[in-house]
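Some structures are shown below for you to check.
Two complexes are shown next, each including subunit A; its partner changes from subunit B in the first to subunit C in the second.
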Partner chain A sequence: MSIIEVTNLSKYYGKARGIEDVSFNVEEGEIFGFIGPNGAGKSTTIRLFLALIYPTSGQAKIFGKDCIEFGPEIRQQIGYLPSEVFYYDKMKVIDLLKYSASFYDRDCTQRMHELADYMELDVKRKINDLSYGNKKKVGIVQGLLHQPKLIVLDEPTSGLDPLMQQKFFSLIRDENERGATVFFSSHILDEVQRLCSRVAIIKDGGIITIEDIKTLQKDNYKKVNIVANGLDAAHFDVEGVTNLRRDDGAVQFFYKGDINVITRLISEHDIADLDIEDPTLEEIFIHYYQ
Partner chain B sequence: MNIFLRELRANLKSLIIWGVIVSLFVAVGFSKFTAYEGNPELLAILDEMPPAILSAFNFEAFNLTTISGFYGVMFSYFALILSVAAVMWGSDIITKEERDKTVEFSLTLPVRRGKVVTAKTLAAAVNCIGLLLITWGAVLVGTSYFESTNSDYYQFVALTMVALFLLQMIFLAIGVFLGCTLKHYKRATSVAVAILLGTFFLSIISGMNENLAFLQYLSPFKYFDPASLLHEATFDPVFLLLTAVIVIACVAGAHFTYARRDLYI
Partner chain C sequence: MNIYKHELKMKIGSVIGWSIAVFAIIFIFMAMFSAIAEDAELLNETLASMPEQLLQAFGMTGIDMATVLGFFGFAFTFCQICIAIQAANYGFSLVSVEETDMTADFLLPKPVSRSRILTSKLLAALTALTITNVVVWVSSFLAISMFRDGRPYDSQALILLLAGVLLFQLVFLTVGVVVSLFMKRVRNVTPYTMALVFGAYILNAFGGMLGEDTIELITPFKHFDPNYVLGNAGYDVPLVLISVVLVLVSIVGSYRLYTRRNIQTAM
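After this line comes the complex of A and B, so read on.
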């Protein structure tokens, strides 16, 4: 079953483009990456899911129900962590969490305390006195305390130190194993790569491609780095080679095609070192954005 | 219920501040009455003033040397203060969520927007009632020392409190409506206060000239005339109806637009 179904969804802010004709599905139990640079339309898409804004045309369905019409019902099962969290400043963390929990039709007390302990959050402090990172922790606890079936993350790691990021990712993985579907929007490719099974790449308000992260990395390009003396870069300028660079006794390029062709070429040389690796998502990403 | 209670708590400080303002105003205002009470010279001075000015300050209908008359003049200022508080609470209770960017929290919770507006409006209405009770209490305490207070006076005060309550509800509804409707939330409170001051001056202008009397329909401040409350102890049914129409239209309009508009973060 598809947890999220987006069909020809468009949103304009007056004349300014938010997103245009976006369609994709997110299946139950997957961790779906949603990557693109700032201003590509990631937050617009998420705000449409949460009915903070209304679509100009098209539709988004979550759990098979329209996001606008069944908003409150759907949101019983959504946990949302925005990129920047804003809460009522004068409240204590514990009061805010209890307030949030009071909207859900189940008892969240135990899970709330578990999460707060896990994230090392001091719940007795006032929101106002918290650092940016600590506010983010409140956001994580608040977003997960009702054990949602769908977790929507909008650039969730900004402001968290590496150790907390680690804990956060393992928390998200646990939730995923428990059965939660995760929609993970980010411009940091490394974290998407670590966590997600499928990604959609969004640019200028439109989806460019949706692929398995493995396909994206494997079927496309190999990154080749050859170290040898007196190597002529032009020698490798064959079909399928791109980004050919020579750099101090080393030759680097991307290769797409039959891997045997390139290994034969390499074997003609007396080489000192050789790396053939999958490009990082970052490198693929730059390719899509050229 | 949770939204309602949270808003009450969040607005308590504001209620206390307004309560102090009203109490100070009562104390200063009625301390002036000590000079007026039973003073025939003052009446002579007032008789020499042009009628338009007397009308503008509501001096025409009241005998300023009696406590009821003096209170009748003070009523206009109570009306102004309580209405300003109401209109600001009304618009602020809605727009502060966008201003403080907390909509991304409060409206992503599983709750209908209509329910949010209702809970917030009720919380602001309770605040208004709180301020009204503070005003009433301050007036009773502040005038208890004067000898001319009698049961007619207390009845008059009670009637004006009903009038003040209806005025508060009108401006609260206008404030909520503007807060829910205006896209530029930063402007909502200033527009609301501008409307309030505009109608207040309309009420003064409409009393100055017979030909401008129709303007009274545009100014809620004219709906409840303290002079007729004092002398006849009745409300004009036309204006009561108008009050109900304004309140219902504003609250319904607020619900309708807020449920259908984009929220900006």
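After this line comes the complex of A and C, so read on.
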């Protein structure tokens, strides 16, 4: 079952483009990555899910129901962590969390304390006195305390130290194993790579590609690095080779296609060293953005 | 109910502040009453010698400072300004503060509808204003009974005047809300509040000065002019109806605008 169904969704702010004709589905139980540079339309898409803004055309459905029409109902089961966290400054952390919990049908008290303990959050402090990282933790706890079926994360790790990022990721994995679907927007490819099963790449308000992380990395491209003396780079300029570079004593390129073709080509030479590896998402990403 | 409670809690400090202000205005003015009333002849003469336009600007025409309500009406104008500022401030900030403080990203993704949020917020603001309103009632009767020096007054007229406070507050509250929703972003509430309140006040004052009837029709300071209400022991009903219409139109407009509003991002 699709948890999120987006069909031909467009949003303009006056004449300025937010997103344009975006369509994709997120299936139950997956961790779906949503990557793109700043201004590509990631936050716009998420804000449409949450009815913070209204679509110009097209539709987004969550749990099979329209995001606008059934907004309050579907949001019972959505946990949202915004990229920038700002809360009522005068409140204490515990009061904000209780306020957050008061919106949901179920009793969230126990889970709230579990999460706060886990994230090492001091709930007695005033929000005003918290550092950015600690405010982010408040955001995480308030977003997850009702054990939502869909977790929407908008660049969640900024401001968290690496140790907390680790804890946060394992928390998200636990939630996912419990059955929660995760929609994870980020421009940090490494974290998407670590966490997600599928990704959509968004650029200039449109989806460029949606693929399994594994497909994206394995089936598509290999990064080849050959070290040898007197190697002629032009020799490898065959079909499927991109980004061919000669770098003193080494030849590097991306290859997409039958791997045997390239290994035969390499075997014709007397080489000193050879690396064939999956490119990082970063490299794929740059490839898509060229 | 949770939003209502939360909103009310956030306003407690402000309500106490404004309540002290109206209490102080009423008491300080009325404490001067007996001294002024004794020299009322002189004061009334002085007033009479002033230019008519100036008196109109301060809403002091046709009042007798020697009577309890004549003097109270004069004092009440200042009280009205305070009440109006408080109500307009609540109105302009009601929804906009969530966007300037970026807390809309917390509140709106919760499982509540926009109209429920607006209803809760309006009711919380109304409760806060009613607390101040009650303080106005209590202070008025208390101050008058303490300082009237046995002079008689028409309590019916006073009750009538005070009964109008709620609607007067509602005008500024709801107009504030609807205007803020027409804006893309309200960065600072104070200039809007001041513009609305003093705009409305000056419109009434200048209307009086210029003898221009039409422009003063839209200002609540005219609709609830204390001198008129106390002097006639009644309201100019068609004028009050203009206020009622203002409130209704503002409320309907606010719901329509808010339920369709695109919430701005942090940037």
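FYI, the second predicted complex is superposed on the first by the 290 of 290 C-alpha atoms of A that agree within 3 Å, B and C clash if a C-alpha of one lies under 4 Å from a C-alpha of the other, contacts with A are read in each partner's own complex, and residues count from 1 in each chain.
Here, a contact is a pair of C-beta atoms (placed from the backbone, for glycine too) under 8 Å apart; a residue touches a chain by one contact, two chains touch by 3 or more.
Since we're looking at a predicted model, the values are computed, not measured.
J.: When the two structures are superposed on subunit A, do subunit B and subunit C clash or fit side by side?
T.: Here subunit B and subunit C cannot both sit on subunit A without a clash.
J.: First (subunit B), second (subunit C), both or neither: which does A:99 touch?
T.: A:99 contacts both subunit B and subunit C.
J.: Does subunit B (first) or subunit C (second) touch A:65, or do both, or does neither?
T.: neither
J.: Based on the superposed arrangement, let me know which partner A:214 touches: subunit B (first), subunit C (second), both, or neither?
T.: So A:214 meets neither subunit B nor subunit C here.
J.: With the touch criterion stated at the top, can you tell me which subunit A residues are shared between the subunit B interface and the subunit C interface?
T.: 13, 47, 50-54, 71-76, 78, 80, 82, 84-90, 99-100, 102-104, 142
J.: What residues of subunit A sit close enough to touch subunit C in their complex?
T.: Those in contact with subunit C are residues 13, 43, 47, 50-54, 71-76, 78, 80, 82-90, 99-100, 102-104, 142.
J.: Considering the complex alone, what residue numbers of subunit C touch subunit A?
T.: Those in contact with subunit A are residues 2, 6, 10, 101-106, 108-113, 116, 260, 262-263, 265-266.
J.: Across the complex, what residues on subunit B touch subunit A?
T.: Interface residues on subunit B, with respect to subunit A: 2, 6, 10, 100-105, 107-112, 260-263, 265.
J.: Residue numbers of subunit A touching subunit B in their complex, please.
T.: So the residues of subunit A in touch with subunit B come to 13, 47, 50-54, 71-76, 78, 80, 82, 84-90, 99-100, 102-104, 142.
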